[in-house]
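The data blocks that follow each hold one structure.
The following pair of complexes shares a single chain, chain A, combined with chain B in the former and chain C in the latter.
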Partner chain A sequence: MDIAVQITLNAIIAGALYALAALGFNLVYSTTRFFDLGYGAYAAVGAYMVFWLYKGLELSLVPSILLGIIAAGVIGFLIETVVYRPLRARKASLTVFLIASLGVLTVIQAVIAIVFSSQFQTLSRNIGEIQTYTLWGGVITQTQVLILAAGLLIMTVLGFTLRYTMFGKAVRAVADDSEVATIVGINSNRIIGIIFFVSSMIAGLAGIAVGFDTGIQPTMGLALLLKGVIAAIIGGLGNVYGGVLGAFLLAAIENAGAWQFAGEWKDAIAFAILILFLLYRPQGLWPK
Partner chain B sequence: MKNTLIAVAIVALLIVGGARVYTAGPSEKGPIKIGFIGPLTGDAASFGVVAKAGVELAIEEINAAGGINDRRIEAVYEDGQCSPTEASSAASKLMNIDKVTAILGGTCSTETSSFAPAAMQNKTVVLSYCSSAPSLSNTGEYFFRNYPSDLLQGKFMAEYAYNTLGARDMYIIYHTTDWGTGLKDVFSKRFQELGGTVVGVEGSAQEERDYKTMLTKAKASDATFIYAPMYPDGSSVAMKQAKDLDLKARFIGGDTWDDPKFQAAVAMLGTFIYPKLESPAADDFTKKVQAKTGMEEVVFCAAHAYDATHILANALSEAGTDPDKLADSLRATKYNGLIGHVEFDEHGDMKGGSYVARKIENGKSEVLR
Partner chain C sequence: MEYLIHIAILVCIYGILGISLNLAVGEAGLLSVMHAVFYGIGAYVAALLMLNAEVNFFIALLLAVVASGFVAFIAGAIFSHLKDVYYVFATLGFNVIAFSVFLNWDDVTRGPLGIPGIPRPELFGFSFFDNLPFLILSAALLYLVYLVSTYITSSSFGRVLNAIREDEEMISVFGYRTSSYKLAILVISGALAGVAGALFASYITFIDPSSFSVNESIFILAIIILGGLGSTRGALLGALILIALPEALRFIGFPSDVAAQMRQVVYGLLLILLMLYRPQGMLGKFRM
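On to the complex of A and B.
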């Protein structure tokens, strides 16, 4: 059945994007316990950096993407140092963090809109010649395959790092209790800084992926962030693998719903799932 | 106690003074103010920017000729962003703060339908130069538009598809705004009347950027043609995703595809057909708008906005700023402008108008004979 295969492929592609969003978000949440809304902004930063380098300055593809990802990471790290660390030193409450992160998201979005205009843009330079592959009757483009591959690679590397390396153990210690971790000798602030750097890089990659797949707009971060948050909640907040599985599950249900009912229902379905989970299973499918 | 009294007195004065300013109508002396609403940024900006230039040109001409009964005419320009929330707050500002006599706008039907009811209540005349949704016909006695209702466009496309393109099965994907829904309804009714079959209908929000599943369903239906009344940004993304999915059906669209940004974006994605209102050529006007805006292609709303300004100015000089007299004078308009002969019917819709089909290929649009 042709159409079922294509719908499945669509779901896998969307799932990969949501998984990247959920991955970074979970990373930050598990270590600092706060809902970083600014996460969406780093995705936009990554995408617009690539837009400027690849389409504006006409650099070649791979360096532009790498620089875009690093730029997103750097911005994330700076925000953490300049905004969140002082708040943490003052023992600010989680609500304060949430509002601060909302402020970060708004400011970054506004700056991007001023510098790049709020017009919708595409990242790809030559739209006509996209390599496509046919799989069991469904079609997938080269860009989408690359996104999928990048996503899976990051998930594996991250999982491996967190579980088996000293750094990973330090991260889990800070996630457990950052004060005790400091007492034991771990530099919590440095670990958190690195976590922000890594998760913002992942956000940047997600933004770049969305940019190549559809396009970019200054407000793109929020939509991506919301899907990532829903995926993370479904999978179990703070559980890195859970978020990934939650993302694919979300994409599957969304696309199945769009197939059976109408395309307009996609967002409604996504948020209905969120509400159901918050009501009946707030710890998610795979609680830590 | 004394401080409290003083504070209360100040607040009372502010309220009374504010209320006087708030409820006073347009002034009777000084320049006549009219408002303009159109998308200066965002999805349909190509149309809004040239429309603004059209209005500016008309106002320069009117003022150079002495104004309206010795009063200058001034316009306040607001950005509607082709969005109901933005247009609605823009209109509120124009009516309550700038106290405009009339509003020229919006471009998008979503803009107009969001503020027109409030304008009717406020007795502010609204003359839309580009909104085509059929649902706007029943807005009210102070509403006019010098752009025909989409009853015309939808019917034209259905007949063109059936008779000229030989389409017998059609899939429809559309944006669920007033404009898109209106076209979808008119088109599918006429297409089915002629004997064609509509094999499927999929709607999405204007801001949607992932059309893959909708396009997959269209592909699975094996329709040879797809009618896609969508706005430029969504259309660009959808056409690209359609190519990615190896969708072989041919796309026909709505008048929004006159946007040069869209035409450039789909340059290598195939041939697309869309309708445009027929209007006599006006090279002189086009050159002036190009000079003002720096845009290479001048899309259709510019001439309509220019004509609308003149039509409004004529009515103002004949009837003054009283809303009822102004509306009556507008209803009796017989005007020959850049877009041809303009007359309004009892709903304020423009009478007449005819469409031609154009095709987009390699980033350029040309008339199809």
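On to the complex of A and C.
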């Protein structure tokens, strides 16, 4: 019985991490219609910024995390301006975007590895002192509770902003047709820039959360991104709430599968689900 | 000298990988991120046959080619009707799953421990144990693959593939069953990757799953994007540059782990710059 509770808890935590990844990714995808693999790198930037500030310079926790999130946002914004905006102006194909973003991911990951080494490292200072709670026989850490809360909060704020504010309307207009949006006086490039800034901040937060939950590695972003993509596809690409539901569903299946077979097949299970969805239900469970 | 021979052998192996991937990606427009799977299947099948059944290298090579082609047939049959980004993610997922199998099917692949002691080729008492004869063998196989590739690209079959790449709907209106063509070229592409796999296993005399991960697939893709999609010679040129480059970096005086990351930085930057300024690559004909 305890095992069942623990697996449910694990699934919820993993789901919250994937949900963060899916949220930011969905935001970019629904406005620009391309798959930004660089998204994984922004997550790593956030996590390593915190690593440098919090463990290297010994800043206190909250400013480190805030600066880490902002650093991720700034990197995302810069990449958008320098790489993706010229491509958009040239109306490059999706393949070109995909390969350029692959380049972005590769470069940022390698630079991080050169500066911080490619070793696996932890973000927490005092691993022994992390507060844990016992819930119906399962264990959950304080970090994990915070991750869960952050995920739900961002989902709500994002959903609300996109639906009810002028900014949200502008975003949806750009997503529908950026040229027409420009004609009616919306600055598409500015909107997309902001979207990149916000979604990269979410990516940074997701990276930091992973860092505190397990640890950091320059290549951590790609794994996180791919889970976010799978979650977004399961939930229906571009649907904010769908992505979150997809994330929890993916985490549940993964953890149940890992329990039934063995932990090392987790990734294979996740990607098998992805392939099944691509083949039989590419529009996802809750299409937009 | 011995060192130059080593580099030349690697260029041959990656040249075969590049040329074979170009058939699928460059000629037929199938943006596959799973080439390392067929490479890996070739390597494992050849290694296991030579070690456990004491099969001669050249027979093991043939069987490895058949096995790689068979796996490519399965993958192609499942994925051939997926489009664009969906195809990319499905093939990437397939690579992740295959990698999990290499890593976790301990009874056969010995998992992360890898398979040591793979013999060098022998033919009628003549041994390719030294690197120079091995280079000659590799170059001969590369030339063979090159001939197959140029034969395909100059045939009517190749022209139909090009047409599929440019406009699949149009060519299917003319009565061509495009899915059969795509399946056929993927099988050929996968089978030729098996040649590289068998060569690699016998040359290094040791294989483990890390050589056949998604990153390897991405690296091979970078080779042909750099060289230019749709160009057999471009694939060779790309392999030459991306293999020789890190060695040059080592001579400049970077320590080897930094040199490895520098290679990633350079090839990531190359991808970004190519997409911004020359999306068809160095010798490419296909403008993405």
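Operating definition for what follows: the second predicted complex is superposed on the first by the 288 of 288 C-alpha atoms of A that agree within 3 Å, B and C clash if a C-alpha of one lies under 4 Å from a C-alpha of the other, contacts with A are read in each partner's own complex, and residues count from 1 in each chain.
The definition used in the following text is that a residue touches a chain if its C-beta (ideal position, glycine included) is under 8 Å from a C-beta of that chain, and two chains touch if they have at least 3 such contacts.
The structure presented is a predicted model; accordingly, all values stated were derived computationally and were not measured.
Following the overlay on chain A, a clash is recorded for the pair chain B and chain C. Legend: residue contacts after superposition of the two complexes on their common chain; A:275 is shown touching chain C, with no touch to chain B.
Counted by residues of chain A touched, the larger count belongs to C, out of chain B and chain C. After overlaying the two complexes on the shared chain, residue contacts for A:118 are found with chain B and with chain C alike.
By the touch criterion defined above, A:60 reaches neither chain B nor chain C. By the touch criterion stated above, A:139 is placed in contact with chain B alone, chain C being left untouched.
Once the two complexes are laid over each other on the shared chain, residue contacts for A:264 go to chain B and to chain C alike. Of the two partner chains placed by superposition, A:131 touches none, neither chain B nor chain C. Look at A:98: by the touch rule set out above, it reaches chain C but stays clear of chain B. In summary, superposing the two complexes on chain A brings one listed stretch of chain B into steric overlap with chain C, and the stretch in question is 111-119; the others among 39-47, 57-65, 111-119 or 309-317 show no clashing C-alpha atoms. Chain A uses residues 118, 262, 264, 267 to touch chain B in one structure and chain C in the other. Residues 35, 83, 86-87, 92-100, 102-111, 113-114, 118, 226, 229, 233, 262, 264-265, 267-268, 271-272, 274-275, 278-279, 282 of chain A touch chain C in their complex. Remark: chain B residues 41-43, 45, 173, 176, 202-205, 208-214, 216-217, 219-220, 233, 236-237, 240-241, 243-246, 265-269 touch chain A in the complex.
Partner chain B is touched in their complex by these residues of chain A: 2-3, 6-7, 10, 13-14, 117-120, 122, 126-130, 132, 134, 139, 141, 144, 214-215, 255, 258-259, 262-264, 266-267. Residue ranges of chain C in contact with chain A, taken from their complex: 31, 78, 82, 84-86, 88-90, 92-94, 96-97, 100-101, 103-104, 218, 225, 257-258, 261-262, 264-265, 267-272, 274-276, 279, 288.
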